[in-house]
Structure formats: structure tokens, C-alpha cells
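Look for chain A in each of the two complexes below; its partner is chain B in the first and chain C in the second.
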Partner chain A sequence: MALSRKIAYINLTTGEIRTETISKELRKQYIGGRGLDIYLLYRNTEKGVDPLGPGNAAIVSAGLLTGTLASASARTHVAAKSPLTGYVGSANIGGFFGPEMRLAGFDHLVITGKAEKPVYLYLTNDSIEIRPAEHLWGTDTRTVQQMIVDELGDDDVKTLCIGRAGENLVKYACIRTSIKNSAGRTGIGAVWGSKNLKAVAAKGTLDIKLHDPLMALEYNRKIIDQVTSAKVSKTMQKLGTPFIWGVTNSTGLVRTRNFQSNQLSDADDIEPESIEEDIVGTAGCFGCQVHCRGKYVIREGKYKGIYDEGPEYTSLGAFGAEVGCRSKTTVLTGNHLVNYYGLDNLETGSMMAWAMELFEKGILTREDTGGMDLTWGNDEAVIELIHKIANREGIGDILADAPLEAARRIGKDSLRYLVHVKGMSNLHSDERPTPALALNVAVSSRGSDHLRGRPAIDLYHLPEPFLRKVYSNPIPYDGPLTSDYRDYEGKPWQVLWQEHCYEAVDCLGICKYHTVFLGPNMPCFQEWPELIRVNTGLSFTPEEIWEVAERGYTLERLFNIREGLTRSEDTLSDRYFDEPVPEGLPVVRGRCIDREKFRLMLDEYYRLRGWDENGVPTPEKLKELGLDTI
Partner chain B sequence: MSESGSNGVKDRTTGQFRCLYCFTRVKPPRGAETFTCENCGYAWRIWWFSPTEPRIRGPVWDQHEKLSREKMKKQGD
Partner chain C sequence: MEKVLVIDPEICTGCRICEQVCSVVNENVVNPYRARIKVMRWETQGVVVPMACQQCDTPMCREVCPVNALEKNPDTGVVTVNYDRCIGCRMCVAACPFGLMMYDFVDKKVIKCEQCQGDPQCVRFCDAGALRFEDKQKNGSAARKKQGKKLKAALSGRDQP
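== the complex of A and B ==
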């Protein structure tokens, strides 16, 4: 059965491995994936645990539907206490690893302790082996996967791994699989590095028996039609996630030069339509028909001829707008290097942009940078800086630390120019004209983030009745809603609703591009119960899935509170409030977030969540969700 | 009116895009590389992701900056 997979507890210090089954009750409470991850993280770490110490738990999880006939059910979730923020570490990855882990018999791995020497795990047909990895240490993310395939003599082995950035404990190192799939955020790669864990490989031949295979096929056909007929999917098939650039940069919603501006004009070379000219094909994850991942060859410069995949929208920001570069070659090369080293492209770009502004302000000098000229738009410096960060060389050693830690090391007035929430850098978008998106990054459980609650469809100017239809399902909502993305009314509910929507897909193991993220007509709470039933036999109502999402999100909040989070950190950098955006269309130009209105939005968000004025879930809410005894 | 998929989304918007300034739906001539919104005057560079489906690639930069300054000045007045 799809439900017969196990949780494995692996202690790398002692080598002890034990497994347990997942009760139906636990499934009903947390479903799987991200939901069960936070449950396992909360229970398997002590308050105040050192994120890079042996007491931290590195968790790997498949979603409930991962590897089934559900469309785009490729996702794997990873978790730990984050070395970047000190709060919930949580990231999601596509590719083919998750389905293979399930075929090998496992849904969740809870990895604790620290191996004496580098190791990797090999999962196959209900067994787990801890294998030496000294010969793999120091390799890039692509090489290590091939070496493991060669070593095991099986081309079908799928691997999650870290690159040199993870080994060097770069605080935003990520987990990788395939050429470019990445569990990018919150620095889980550094947690693996701290445990001397280079990789987890899987190959299985155990069947994932579905509850009703024929109905699963039939229902999935409906879902596929729903997804692929959407305009947003058709565009993504051509341009990948960078397609968003057309709207955001045209309007003035792109963060440039470390938030000093909000539009990169005359940057036609890095527009997705220009990058598309270099795309030689597209790739998709397990069970996906959209295939949003471009395949490209770098055509110019020092890295000419190198094949890679992507870039995602974030790489356009990280190696384009943020650092003031207008070269497609720089974007594609930067994207390649973060893939190679196993770095979060978003955090890398943000840290470089911050360093460039510090250089501009004279807070960092050539003496600090080892002679590097960190002037905006210096393509060579951007590429060199990525190497230095991954290898912790010179100024790169400071920038490889978490943003707040780096600010402490640099000192002077550097903290003032750091754009972050809870110690994690923001997406390369400018939310100053868009209160809903600003609230989303301020309250997200893993720090500044667009993938935990962004109401992206707020930008589409959808009619209010249509918005109401989306946002009143499955829980009725009769409060205000407005089509104007500059408004403050009704936005807290939109953020909360999206948080539950994204939490639910992360529990199920389905890609976010197959739900209401970028397309308002995508599958959502109404479709998921049948999808779950035909594949697993489990019965859920839309309201029950909503409750699971609320439970998971609330437990993430409890974890953060346990680690010291207070209301004061559910906020934005001063630039959001004090510096109006200088460019873009007149609908956004001159706008910034109003402090008082933001405070009221935050109050409303807490109230809707059943949290008190300090952002702490009330005893009544905890009891309602069954979290009062955890 | 035909349906574009089983999700019930009608294809009434095929061949159109929304102007990012005034949100009016506009329908450029097929294959056009630029188009000026008849409602607000903003000019857009267009990319066709299929022969019948256009999207905004970006602004016509010179025109945009000039027009935006004028509109902002007017708002200030």
C-alpha cells in the first residue's frame, strides 16, 4: 500500500538505525511531507539545540502522494533547525528522489548525531546502509551523484546530496538532486555538512500499491487537463518560472541594487524571452506534464560550453537585478555555479547585493574585499564572489555566514542595509507597493519567504467575486477582499489562506505550480480529497485538509516560539516603511508600507489565526488542533 | 464560446493581455512586436508564446519613463 512506508531513525554517532510504522491517526493529523516533518522535528530536538551540532535532526520526507499517480507528485521535504535563522528550517525539492525513497520503503528519515568521517546513506528495499563517503567529500553536486551511481552500479539510483558549500558550512547551503533541483532555503545543506553526511541515495523495487489504480488514472487525467490548459502553465512550458519577470519588472516590483530601487530598465538581455533563445530543451520532475525547467548551454565567457538547467526566476534576481547586472551570460553562469556548489541562489544573490551596497557606502573597502571591485554591475566580481562564498575565502567567509552573523562581523552601519526577515533574505521582488506580499514575507514561518504564503494572484487584478470564490473555499470568508494589490483590506486572510494551501501541497508532495499559486484556476482543496482517496484509500474532506494545514503551520509557530521568536520579528526591514519605491509605473511609484496599517494587518492576521496579540497561539486554538499536549 | 479545458476557463481572453498600468484587456494584431494601450497610452513590447497568445515582455523603456514622469507630475498637481 502507498501507506505502508516507514519512518527511519538514524543516529550517525552510534550507527544505530530503527524504524517504525506511521499510524493512521498520525496521517489524519499531519498527512505527511512537511506536516509530519515539523511533528518529527519538534519531538526530536531539544529547545536551544545547536543547528550545527549533533543534537539537531536532519529530516527527509516524502509527501503522502509522492510517487503515486497524482500529477506532479515528485516532492520531497527536508527539515532541521535552521542555521540561517535559528528557527524552523524547511525546504522542498522536486526531481525523482522522493518517489525512489518510497519505492525503497521509507517515507521519513530522522537523522541525528554526527558521523566520525564523511558518510552517505543508501536506502534500498526496507534496508538502510551507512556507507563511507571520504572519497566523495569535496565533490560538486553533479559529480557526487554520478560517483554514487557508478559505485552502486545502478543508473536508477537517485540521490539527495550537498556540494562543497554544505561541507564548508555555508549557512545557506542547500540540498540538491539531479542537475538543478534544490531544497534551497534555510541552510539545511550546512546541517548535513555538520553531520558529515554527504548524500542520501535510494533505489527501490517495492510496489506502491494504489487504492484504486483505474480511478487514479482517470482522476489524474482531469487534473492534468486542469493544469495544462491554464495559460500560466503554457507560458511556463516555454519560459519556466522566469516568465514572472515580464509583469514584475515592467510594473516596478523587482528588487534591484539591494532594495535601493525596484526596476532594472534596459535589461533586455536577461529577460526570459532572451534567455529562451539559449534553451535547448525542457525537463520535468516525476509525474509532471508542465516541464518548466529549461536546459541550456552557456554560450559565452569563461564557462562557455557548460550544460546546466534553469534558471529559475530567483536567478534572474540574484545574478541580474539585485547586483545590477544586465548580462544573460552572468545570470546563466551564476545559476550554474550555485547548482555546482549547492548554494541557495536567492540568499547568495542577496548577500552579494548587500556587500555591494556596503562597498558603495564605503563600509566595505577594497582592503576588505581582497582588492575586488564590488561596484554594481561588475559581472566578473559577481562570479568571483560566488566561488569565494562557497569556499569561504576572504570576504566570502563572512558572506557565507547567516546575514545577521555577517552583519555582526562587519560591524559599522552594515546592519542598517541588511534586508531580511528573521535573519533570512528576501526574494528579489519589491513588496513595498503590495501590502499582501509584504505581510506574507513578514509572518512566514521560515523567515522572509515567498513559498510559504505568497498570494501571488493578488497581482492579477482579478474581480472581487472571483477572488471571493477562491478565498472562501473550503472555509467561508465574508470579510473584505479587494482587487487592488496596493490595498490593505482583506490581505491578512489572503496570506493565511495561501499559507494553508501551500502547507497542504507540501504535506501531499505535490508541486506548488499545480495549485493556486501562479494560476487561480488550479487544483486545490476541492480536488485533493478525491486525489487522496483514489491513490491511498484515506478519506479526507476539504475542511479536514485545511485543519491539517493549520495544525502544521501552528506547530511551526510553536517551534519558533520555543526557539525564542516574538512578535517583534514578524516585521520588515526599515526600507519597506521609510523609503518609497523610486521607479516603475505610477501605480506603484512612490509607494511604501504604512507602519500603522501594517500593524493593523498583523493584528488582524493573528486574530484570524487564533493567536494572541503577541503572536502566540491561544490555549483554545491549541486544544482545537490537538496541540495542547505536544 | 468554446472551453479551453475542463476547468471551465473560457477562451474569451485568447489573443489578449492586460495592460499592466490600467488593467484594460487589449488585443494586439497577431504577430505585433509592440503595442500601445488605447486606454492609457503605455507601450509594451510583446512576446507570443503561441501564434495566438501574446504576453508582455517588457515596457518600451523610453516611452514609459517619459509617460510615467508626466503622469506623476500630473498627480502631484
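== the complex of A and C ==
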């Protein structure tokens, strides 16, 4: 069964490996994926552990449905204490690795210690081998995957790896697989680098048995039809996520020049229609019919002729709006380089934008930058800076650190211009006109981030009765809700609901584009029980899945509190409150977040969660979730 | 009527749902390595090619079989394995020029695409349309039309539609 896969504990210091089965009880409490991920992280690290020390645990988790006949069941979750924030490090990745890890017999890897010399792990049919990787050290994320395939003599081997950024302990280095799949956020790549762990490779041929194969086949067909009949999916099939740019930039919801503006003018070259000209086809992750990964070849410049995949919406921001560049070539090249080095594109773009504003304000000078001209829109400088960050050269060495560390190293007034939450930068979206989205980034368990609980459908002006239908499932909600995205009413519940929705798909191992993220009619709590039943035989009610999500999310909170988090960090940078957006449509222009109303939203959010006014889960809530004895 | 599985590598997104579904339909489990169809990948160049048995007019697997375990249906053209006769020598695996006569290491038997009794499930799940199940007479018509359109555009001096 899909349920027979094991947890493997690998100590890289001693070379000791032991395995453990997963009890049904644990499944009922955490399902798998991100749920068991945080459970394992909480239990296998000690308070105050050094994120880059041997005591940190690097965890790799397949979802409960990863590799089964659930549409887009491609996902793998990775975790560790984050070297970027000091709190929960947690990221999700698609591609083909997760299903392969399950075919090899494993659901979760808990990797501790530090290898004396670079190593990689090879998982195959219930066995794990620690192999030398000195010859792989220093390679980019694409080359290393090919070298492992060649060395093992098997084209079907799938690999998670780090690039030079992870080896150089860039605090926002990511984990990668295939051409573009990345577990981008919170710097897990640096944790792997600190353990001398270059890669985890898998190839397995063990059957994934299904509870009811024929029903699973038919139910999968139904879910696929539900997903792909949505207009948003049809657009994604053609354009990938860059399609979002057209709406957000014209409305004025795009962060430009490090939050100084909210719209990039004269940017025709990076509009989705222009990007589409360079997209030669699209690629899908395991079993996915949305196939949102664009395939492109760089047409101009120094990197002409190189094939890569993407760009995601986030790269349009990182190498476009945020740094004030308007060139498609820069976006496509920047996207390629972060893939090559294994860097989180969001953090890279935000750090560069911050540095450019410091340059504008005279806090950084040509002397600091080694002669580089960090003027907004300097395409060459942006590309050069990516190399410098990944290799920790010159100014890049400072920018490769966590934002708060970098601000300490630069000193002066630099912290004032840093836009972050819990020490992590955001993507290029400007949430000042959208309180729901702003609350989401402020309370997200891994620092400023949109993929933990963004109520993106809040931007659609959906009628209130329809919103109520979505947000009252499976838990009845009779509080306020409003279809105006500029409002503060009812937004805390929307954020909480989305947090549980995303936590649940991350536990299941399904892609977020197959649930209520960009499309309101996507599969969700009502469909998942049957999906779980036909594939695994486990029975869950929608309410039980909700509770699993709440348990996982609360445990992430407990982890953060253990590491020192307080209410004061569930907030936004001053710019959100003090500087109204200067551009955009009349509906957004001049708006910013009201401090008092934000405080009330946060109070309401805590209250709905059963947390006290300091954001600490109450003893009653912990008891209810069975977390009082964790 | 003879129908064949037509592959279009240019459209294939490489998602492997065909392998996934094939293994479920034929073996009741998800195991791409027991599927009758295989997506070949050259990821660094962005090239993927789905490959499945084309039910040859002169099937080399049948030619080489010492016990006549492979039969070609005169009506549908489908080549099937008669497991009552098969001795598991795997000469058919060696003979197939495409490597699409395969060996199932779990059940210890040779396997090949037999078109799911006339309703190939890989085709049903390939929404991208990289796999099609078409009348043999139509084979190649899509490619001809695609290239023909280019020629037409060139001759009439207009941009392609």
C-alpha cells in the first residue's frame, strides 16, 4: 500500500541509518507531507539549535497521495530550522522526485549530523546508501543531476540537489530537481550545504498499491476535469503563472523599486503576451494536466541559446519590477541563473532591490559595490549581482546573508529600507491596498510569504454569498465577509481558511493549483475524503482534514514560539503603514494599511485560531488538538 | 478497422500520466516501470518522447517467438501475448527494434501495449493530446496538415495563421 512507506533516519556524522514504519494513528493526526514534516522537525531538533550546525534536521517528506492516482500528486515537502529566519524552514517542490522516493520505499527522510566530506544519498527499493560526492561539489543544479544519472547508469534516477549557492551557505539557497522545480523558500539549501549533503537521488520499482484502483482511475478523471475546466487552468496551460502579471501590474499591485512604487510602467517587453512569444511549449509535473511550466530558449545576450523552464510570475518581479528592469532577456536570464545556482528567486530579487535602494540613498556606494553601478534598471548589474551573491563575492557576500544579518553588516540606516517579515523578504506583490493579503504575509508561519495563506480569490470581487459558500466549507462561518479587497472585514477568517487549505494540500502532496488558490471552484475539503479513500483506504471527513491542517499549522506556531517568536513579529514593515501607494488604478492609488485596523485584524485572527492576545495557542486549544503533550 | 496509437512529441508535456494510468489499468498499481508506455526524457534540452508499441505489420516479436505466443489480430491489427503459450524466453524483448516489448520483473512476464481492448486509457487521460488513437488510414495526416500549412503560407507570401 501507499501506506507501507517508511521514515528513514540518517545520521551523516556517524553514517547510521535506521527506519521506522508510520502508524495509522500518526497518519490520522498528520496525514503526511508537510504535517509529518513539522512533527518530525519539532521532535528531532532541540530548542535554539544552530540552523547551520549538525544538530539541525533536514527533512524530506512525500505527501500521503504523492505518486498515487491523485491529479498532480507530484509534491515533496522539505523542512529544517531556517537559516534565514531562525524559525520554521519549510518549502514545497514539484517535479518527479516525490513519486520516485515512494517507489523506492520511503515517505520521510530525517537527515541529521554533518558528513566529513561531501556526500549524496541514493535511495533504491528499501535501501539507502551514503555515497561520496566530492566530485560533484561545485557543480550547478543541472549538471549534478546528469552526473548522478551517468554514475548510477540509470536514466530514471530522480534527484533533489543543491547548487553552488547551497554549498556557499547563501542563506536563501534552495533545493532543486529537474530543470526548474525548486523548494525555494527559507534557505533549506544552505542547511544541506552545511551538512555536506549535495543531493538525494532516488530510483525505485516498488508498486504503489491503491485501495480501489478502478475507482481511483475514475475519480482522478473527474478531478482532472474539475481542475482543467476552470478558465484559470486553461490560461496556465498556455502561459504559466506570468499571466497574473497583466492584471496585477495594471491594477497597481506590483512592488517596484523596493516598495517605492506599485506599478512598472513601459514594461511591454515583460508582459505575458511578450513572454509567450518565447515559450516554445509547456511541461508538466508528475500526473499533472495543468502543465504550467513554460519551456524557453534565451534568444539574446550572453546566455543566448540556453534552454530553461519558467519564468514564473515571481521571476517577472525579481528580475523585472523589483529592480526596475524592463527587459525580457534579463528576466529569462535571471531566472536561468537562479536555477543554475540554486537560489530562491524571490529573496534574490528582493535583496537586490534593497541594495539598489541603499545605493540610491547613498548608504551603499561604488566603493562598497566594487565599482558596480546599482542604479534601478541596470540590467547588466542585476545579472552580475546574481553571480556575486551565489559565489559570495564582494558585495554579494553581504547580500548572501539573511536580510537582518546583512542589514547589521551594512549598518547606517539600511534596516529602515528592508522590507521583510520575520527576517524573510516577500515576493514582488504590493499588499498595501489589500488588507487580506497583507495579513497573510504578516502571520505566515515561515515569514513573509504568499503560499501559506494568500486568499488570492479575494481579488476577484466575488459576490458575498459565493464567498460565504467557499469559506464556510467544511467549518460553518457566520462572521462578516466582503467582496471588496480593500476592506478589513472578515479577512482574518479568509486568511485562516486559506492557511488550512494550503496546509492540507501540502499534507496530501498535491499542487496548490489544484485547490482553491487561483480558482474558487477547484477541488477542496469536500473532494479530498473520497480522493484519500480510493487511493489509500483511509477514511477522513472534511472536518477531520481541517483539524489535521489546524494541528499542523499550530505545531509550526509552537516551533516558532519555541525559537523565540512573539506577537511583535506578526507585523509588516513600516512602509506598509506609512507610505501610501503612489500609482495604479483609482481604486488602489493612495492606499496603505491602517495600523489600528491591522491590529484589530490580528486580534481577530488570534481569537479565531484559539490563540491568546500574544499569539500563543491556549492550553485548551492545544488539548483539543492533542498537542499538549508533544 | 485498424487503429493505432499516434504520438506527438511536440505536444507531450512529459507528465507521465500515461505511464501512471497504464500501470493501474494493467497491473492494478501505480508503477511507471510496469507500464506499457514510456516517456523518454532529455530534460536538459526540454525534449520528451512518449513511446508505445505501434502494432507492426510484420511484428518482429512474433517472428522471433519460438512457441507462437504472439498473435496479430487480423481485424484490429493488435499484437497480443498468449500467456498460456509464452515460455518467458524474452527473445521478443530482444527482437523489438523499439524496445517496446518489455519485461515485467514483478510478475515475471513479457508485456506490451494491447490498446486496452480498443479504448486506450493513456489516450483518455492525455488531455494535452500528445497521444491519440486514430484510424490507421489517417496516420500522419496531422503532421502533413501542420507542415502543409507552413508551405501554404510560404507560397501565398503571408504570415502563418
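Details
In this text, the second predicted complex is superposed on the first by the 630 of 630 C-alpha atoms of A that agree within 3 Å, B and C clash if a C-alpha of one lies under 4 Å from a C-alpha of the other, contacts with A are read in each partner's own complex, and residues count from 1 in each chain.
In this section, a residue touches a chain if its C-beta (ideal position, glycine included) is under 8 Å from a C-beta of that chain, and two chains touch if they have at least 3 such contacts.
In this text the structure is predicted, and so the values were computed from the model without any measurement.
Considered on the superposed chain A, chain B and chain C are sterically compatible, since they fit side by side. When the two complexes are overlaid on their common chain A, residue A:11 makes contact with neither chain B nor chain C.
By the document's definition of touching, neither partner reaches A:127: not chain B, not chain C. In the superposition on chain A, A:44 contacts neither chain B nor chain C.
Judged by the touch definition given at the top, the superposed model places A:228 against both chain B and chain C. After overlaying the two complexes on the shared chain, residue contacts for A:287 are found with chain C alone; chain B is out of touch. When the two structures are aligned on the shared chain, A:209 is found in touch with chain C, with no touch to chain B. Legend: residue contacts after superposition of the two complexes on their common chain; A:472 is shown touching neither chain B nor chain C.
Once the two complexes are overlaid on the shared chain, A:243 sits against chain B while remaining clear of chain C.
Between chain B and chain C, C touches the greater number of residues of chain A. On the chain A superposition, the C-alpha centres give an angle at chain A of 80° between chain B and chain C, rounded to a multiple of 10.
The minimum CA-CA separation between chain B and chain C in the overlaid arrangement is 12 Å, rounded to the whole angstrom. The residues of chain A shared by its contacts with chain B and with chain C are 228. Contact residues on chain B toward chain A in their complex (touch as defined above): 4-9, 13, 18, 20-21, 23, 42, 44, 47, 49-50, 53, 55-59, 61, 64-65, 68, 71-72, 75. Chain C makes touch with chain A in their complex at residues 10-11, 13-17, 20-21, 24-25, 27-34, 41, 43-46, 48, 105-106, 121, 124-125, 127-128. Those residues of chain A that touch chain B in the complex are listed here as 222, 225-226, 228-231, 234-235, 238-239, 243, 246-247, 249-251, 265-266, 268, 271, 273, 461, 521, 584-587, 589-590. Residues 67-69, 96, 99, 103, 142, 146, 155-156, 178-179, 205-210, 213, 216-217, 220-221, 224, 228, 280-289, 291, 295, 307, 309 of chain A touch chain C in their complex.
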